[in-house]
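One chain, chain A, links the two complexes that follow: it is found with chain B in the first and with chain C in the second.
Here is the complex of A and B:
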């Protein structure tokens, strides 16, 4: 029996991306004083938009987030991490993760109610 | 002091008589006719189901916007989700009440 849901599938990928981005931001913050370190970031949303536009069904969409080295203004020691920016990204990412988790909870509660019938 | 005689209640005589009990076979055709016609309980149910379908489509679109980063504010997304869930709950509760009512009828002594 098929109990997978395409909507949960998309949300799972969103949470995968958010979890990876959290780790990448943590790594950037940890390396804020490392000379020559280039800040990294996660590419996901654009890939997801392309995948959703390309293949019609959201069920077929399977997007894996990946890490790229980002451009940015360089300090004298060659480091490109901006702590304020990382904190901003961290807050945004946390909100996204929380929202996805709440939506999944709501969806699963509905599904359970539909199965149980009460 | 003389009292006026009580006037007969005029409205009582104008009340329509109860319709005679219809035989059972005529009611067998009624649900099929009521379900397809433009008004009645079937339309009501269809409207509610259609509302739920639309709410679900809006919620799906909101989730996709969230996934693609197009959603500028989270409250729009969570509101669409909540609307879909409430509309589903309404349908579920309606179904439960209807099945309760049916059971009540089947238990009825004739």
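Here is the complex of A and C:
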């Protein structure tokens, strides 16, 4: 088993991206009644998928999440936040974070077992 | 990410809850004064509304985006719309023709605003709860 594992690093990047996305969703939800506010979102998975498939872009370990202003249907007050959508994204993002955390836990557990020689 | 940013998701959701509950207070005040013909600044009560604004901190170098700080109530404004005139000759605030200027509070509008404020509050609360669960997941990594 390889200990200098880039997969652990990628899982850590996934958790970082999910933590950032949570803050962005929290910001969108906090501003649901702010006139003229444009909802924002995090770009990460698509770039990571491209990097892992080797079809251009930086190497997978160098892929960084970033925040963009997203478009969406605009309300009368110029606000583009849809609470249902944000709540859905919130749940999805939480599951992603949880999954990455648990995969890291299980990998670390098997690394520990290998070190202990069980 | 600095230590102060570590729990910033909590303060973002917290600012949303503070702003929405302030909005609910203002709405409750509007409803309570729906029939007040005298107010602190003279004349009949005018319905009030809050102005929300997004708060961003200064961006740090290498950060993936702006430094989110949630939302803030920047102002409380009075609704300048026309005050309805009601014929009540016996009222002490009636004018020479017997009309009284009543507050421009309309209950359906206030109730709808109350509902949206309450929904938004719940959504912020949900985001804060999810952040707590995520933090627990991250702490569980330490336990291995």
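The working rule: the second predicted complex is superposed on the first by the 108 of 118 C-alpha atoms of A that agree within 3 Å, B and C clash if a C-alpha of one lies under 4 Å from a C-alpha of the other, contacts with A are read in each partner's own complex, and residues count from 1 in each chain.
Assume a residue touches a chain if its C-beta (ideal position, glycine included) is under 8 Å from a C-beta of that chain, and two chains touch if they have at least 3 such contacts.
A quick note: this is a predicted structure, and the numbers were derived from the prediction, not measured.
In the superposed model, A:114 makes contact with chain B only, not with chain C. In the superposed model, A:86 lies in contact with chain C only, and not with chain B. With both complexes superposed, C is the one of chain B and chain C in contact with more chain A residues.
Shared-chain residue A:11: touches chain B; no touch with chain C.
Touch criterion met: A:95 reaches chain B, while chain C stays clear of it.
In the superposed pair of complexes, A:40 makes contact with chain C only, with no contact to chain B.
Contact with chain C, but none with chain B, is seen for A:67 once the two complexes are overlaid on the shared chain. Using the contact criterion defined above for the overlaid structures, shared-chain residue A:31 touches chain C, although it does not reach chain B.
In the overlay built on the shared chain, the residue A:103 is in contact with chain B alone; chain C does not reach it. The residues of chain A shared by its contacts with chain B and with chain C are 102, 109. Within the complex, the chain A residues that touch chain C are 15, 18-20, 22-27, 29-35, 37, 40, 42, 64-67, 83, 86-87, 90-91, 94, 97-98, 101-102, 104-105, 108-109, 112. Remark: chain A residues 7, 10-11, 13-14, 45-46, 48-49, 52, 58, 95-96, 99-100, 102-103, 106-107, 109-110, 113-114, 117-118 touch chain B in the complex. Chain B contributes residues 59-60, 63-64, 66-70, 74, 77-78, 81-82, 84-85, 88-89, 92, 95-96 to its touches with chain A in the complex. Residues 8-9, 12-13, 15-16, 19-20, 23, 52-54, 64-66, 68, 70-71, 116-117, 119-120, 123-124, 126-128, 130-131, 133-134, 137-138, 140-141, 144 of chain C touch chain A in their complex.
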